[in-house]
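Once you scroll down, you'll see the structures, which are given as structure tokens.
Shared between the two complexes below is chain A, which has chain B as its partner in the first and chain C in the second.
Up next, the complex of A and B:
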């Protein structure tokens, strides 16, 4: 099945199947009280030992509690102002952008937020975030305006400014910036227990007048422990559990004491197909066979329940994106036959063993997802072994060196990806990224040429046509497999008001949340 | 064996273990469906086709139950063997050598016992993955510590025996004395230790699978089945209760058999060093 933008947004507002209510609109919000949140997904880059001591990486699942970004991507994946009052290209090339801050913004230590802080923050981000590497330099034009110089035109550049690794921190050298944990978000960090929990309290000089409403929020990491998190919700330990799977959402949605919220939009898994020397995936026919062999509908039906999932098209775009181009589908029997024929053509008439696919429990249903994938490709003679790895250290485990001569290759492995604009999503299939399996060759060159052309194109329809061409290349080349995705779910106690879940976990806002 | 069979509890234990072993071995032939096949809609109720219904991926729960003990039993019995063989050799070596070797070994054993079991496995799994050989080694090491203590205590007593003294006076080397004089004399103790350690290992493996640190999906495994079914406990209790019952009856069977064996051999099954 496919989900249009309209249906996805409708589902975000209400889903009768799950007993989902529209976000409660309280008549009289009350200030005060505490909120305990459990988070079941592993969207935390503190799992990398290189980032462990940095508060900035500890909290990327709740970016909008302690920090603010220049822009915010709303639940419909459209841009809204956040710390920036306005933004726009400085010239026709769209390679130079001016961003102007709101006046009167304050950090938690009382110092004003200025363009100097924006410059220092992005001096740090552009060395760490793949999406910010396009920034060649940044200048403070005046007290509130910063100018970004990009390596090429990018019509969708402002989306980069809303990413979880684009927060604004008090100016400091790149080696020390952010270590204080000071931001300008609605809550400030009181204490952290690395990778376990983090406590926030209200910042009374937050830029949104009268907000936030709660005195204190505690976030508990429960990745890979959905059952424990829901048991905690039922026992009163937690008020909100974020990123539960559709099965759990259906179960708990029947209980009158709780309300299930959906973030709509969705997220999915990318299965990286290594294209290093000696890999079977170097042969395009093997990759194509795998793409035909996987029963995407079965994943949607069995793992997500048909209403909550969507068939992927082997790009990073989610089905709710208007630029999404569905992969041409074949009836199941024909798809299996096509996969077998491709394998035979590639010299594997009796099937092929692709080795071990590594996965980690980044979201609750990951194990079930890959079991279905494994079982369905078996029909086409493709054997895959599954091996679960812990979330801690997983990023380092699955990635290798860009330079194959180093001998540390990336692995046949998965990772979860969230929904984003095409400019970011389609950039993820660049050859220098592990998610593309370090895809190389003339089609990759053509893909990136189209990408650069699209990014420099101002007109939406023309850009969309190029995005479609890029997706057609992915359908044919299959540098990576993105078989299916699903909407995101959270559950709250009925007395928690003003909470709206978001397809991007890092864009969930708690400014208006209160307890009745 | 006759003495063992005269004890009703031990007999029941042996029957339970034999039944589980027989089912595990015969699973490929007696299970109505392949354990990983996606057959039907998820959570079909029990019926003529699917005796226990289907699980949350549409697989036959009964077939998975029949297959579910194979890997857990393999890991438990192999880990028990690793623990008993490794533990006996180390314990007897400590009893034979005494002195600083004994002191160092015992301190290492105590240090290992001070590390929480789950933490130890989590570190192991993080470093080496969740494959069956890794689990056998990790669980074997955990179970080994108690065996080292038990066999060391027995070895110290044996070292005072005349035939050991005679062997020493005869100029036999340490390895020969350990393997020829001491090891055969702790064989009874090792048999009971093996049963106790295998039982403990089985519970541990199931608990680890439940926690996501043990056997990996899609391998049919009782601990994993309990974990998978927990979210559905209210609506589909059979998916949790059936594998839990299997774990309980197998552990009970091994324990009853071990107790009977211990009585029959005149050993105190409870004198193990823990771990």
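Up next, the complex of A and C:
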């Protein structure tokens, strides 16, 4: 048979219908090559040449390249061992946990990873990371076992050990720990260009035998520059673009050269409502009015497309979480009327101006999201001004240092949050946190009492009932607004194999990624 | 010539001193100091006066104006441009490499654009009023009128996506060697060159046409000197004089003025750094970039003056 242009084109056109890739892919992983990644979202503090290798300042999509955590939260949000071989509560209180490391782990400089490094790392984390603050003390039991003493029982404590602010670093004083960029992850840092790019190369003594597969990975920060990132993908410069918005995912998904991956679960935005003296948000009715006024369905429809988004319930849980309890919904006209009535009760019969809502382009669609939010609350007489701030330094800007006595309040501002276990997600609405606006009062006390009770409960169904009660309190109190969320997307070239996106972007792993 | 160089150099130093003074007073003394600018209106409204006073003291804003001014000038002489408000990082470290990169982009643009613009201008001037001249003039107007981001996106679409021969976005690092950086930026360079050729070509064409109509050119014609010789040896140097000044100002504006190109191509230059500094309210970085841009204007003008002096003996005698 003679292969003509016509038959070749016909075969190429037919192959997807037959379930065959136009280019046959080898099934055996191949070692070597470089993977170029562009990242369109950012969750980091400021990076300067002095701190650009520190885990707290990396773009969190690459946390697990140079660093490792004791546990890994998999794509189903279940725990899997990472550096720890086993873990468990030391007693019935679940306030003391023993964690045992794998034997033979090495840092990039060849020194062994021991319990001493775990202790030093968490001595640092427990003063910096909100999730690790429950750790009162840590001690090394033997060369590989560390014991964590918590301020209260916590059945879900191991999830904290998989957070991006929980990586294991070589022991050093708190003021210098982590600055070297040395970890025990699959890739070591070669060079950094703060706020712009970072280059990694394979660590040949990684604990997972035979992995990683690639020689080199480069990450290019393209926050706020999704179009540039996708143009780079199409021109062959990038192999993977992470955190693209649903519209871009839909468009590029039509092209056979690329595969769109979804992280599932998704992420959403918290709008923190500061409840400091003099703030309009001190009045619960104003917060409730805002919760009724925002058209959550419109955000989902206009920003994400109905299939990709979901309506939030003003808790940090994502809709895919089995513990998620939907907020009772009213038809739009009734919701607006209810918002107006609440404002009138609160002494604002002609509406209210809530000042400036600050946002940063943490994801490509953030601008659109807050424009829709701004427009929909206007229907109920609520005026909000929007002000975009850069991602770099945004965390400090948003949170201030919470020194109320000094007048350094946190702001009426947004932040993006990823999906986590309920123990972490619901803990974020504690009173002593900017994301709850420093919510106070008897309902907050009841919320935290339920939380402590739930954390000390082993039985899942009983815990779920308590989580539901907690969400009912949030529906009524609205300490913060979490109107809507969406799935996360990444796009890869078809020749990139072994890549799976993750609902928690800091948990994406590249150990098994290879290029065919 | 030496006297001229010394005189121009001294004048440039005086200009730089005045510029530094202006930048300082414009950003520090006019209503609203560095702290005011770095805080949001809401934050200003909420902060108690004593807290604001303490923050001012931390930033040295409570010192007398003269003391701060002298400190600023002293810092400049030592290469100390202050520290950022948020990270307390040295401003000089933040500005140095992006400034180098922008000067390189401007320099390469000028080096490539000037000869092309000159060739086009000569061809158009020779064919004044004819089809070639009209075509060149029309193309120049179009080239100059199209916004750089449109040109950039068009070039990306054609040469990076449809026919992927050049990179769409620059992945080189800020501190990569200039050769590596510029090799990674062909479309960014092309974008700035297109606008530059259009702008410089128009100016040089007008200059050449004016010179070609001058009396001395007419006399040279009557003396029987060949047309090419008149053009290259007599008309061109005379036409280059206004062209050089325009090119110098244009190159200086390229250093800090190609923000859009830098953002479209992710070129790590001073324009993108300026945008970042403005959005972060980093007054000292903005101050340093404004000063650097002004220094570029002065230096490029100085170079243009020296070039003009080399071409025109009258300026050396003046």
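Structural remarks
The rule is short, and it goes like this: the second predicted complex is superposed on the first by the 477 of 516 C-alpha atoms of A that agree within 3 Å, B and C clash if a C-alpha of one lies under 4 Å from a C-alpha of the other, contacts with A are read in each partner's own complex, and residues count from 1 in each chain.
Just so it is clear, contacts are C-beta pairs under 8 Å (C-beta built on N, C-alpha and C of every residue); 3 or more make two chains touch, one makes a residue touch a chain.
None of the values given here were measured: they were computed from a predicted structure.
Steric overlap between chain B and chain C is present once the structures are superposed on chain A. Judged by the touch definition given at the top, the superposed model places A:374 against chain B, while chain C stays out of reach. Of the two partner chains, chain C is the only one touched by A:220; chain B is not. Using the contact criterion defined above for the overlaid structures, shared-chain residue A:361 touches chain B, although it does not reach chain C.
Contacts of A:390 after superposition on the shared chain: both chain B and chain C are touched.
More residues of chain A are in touch with C than with the other of chain B and chain C.
Of the two partner chains placed by superposition, only chain C is touched by A:278; chain B is not.
Shared-chain residue A:234: touches chain C; no touch with chain B. Looking at the shared chain after the overlay, A:256 reaches neither chain B nor chain C. In the superposition on chain A, contact is made by A:36 with chain C only, not with chain B. Annotation: chain A residues 387-390, 392-393 touch chain B in one complex and chain C in the other.
Contact residues of chain A toward chain B in the complex are 224, 226-227, 230, 247-248, 251, 298, 302-303, 361, 367-368, 370-372, 374-376, 386-390, 392-393. By the touch rule above, chain C contacts chain A in their complex via residues 40-43, 46-48, 51, 86-87, 89, 93, 156, 160-161, 164, 166-169, 171, 173-175, 263-266, 268, 276, 279-280. Across the complex, chain C is touched by residues 36, 38, 46, 48-50, 191, 193, 196-197, 218, 220, 222, 225, 228-229, 231-232, 234-237, 276, 278, 355-356, 358, 387-390, 392-393, 396, 406-409, 411-412 of chain A. Chain contact summary for the complex, chain B toward chain A: residues 36-38, 42, 56-58, 122, 125-126, 129-131, 212, 216-218, 227-228, 230-232, 234-235.
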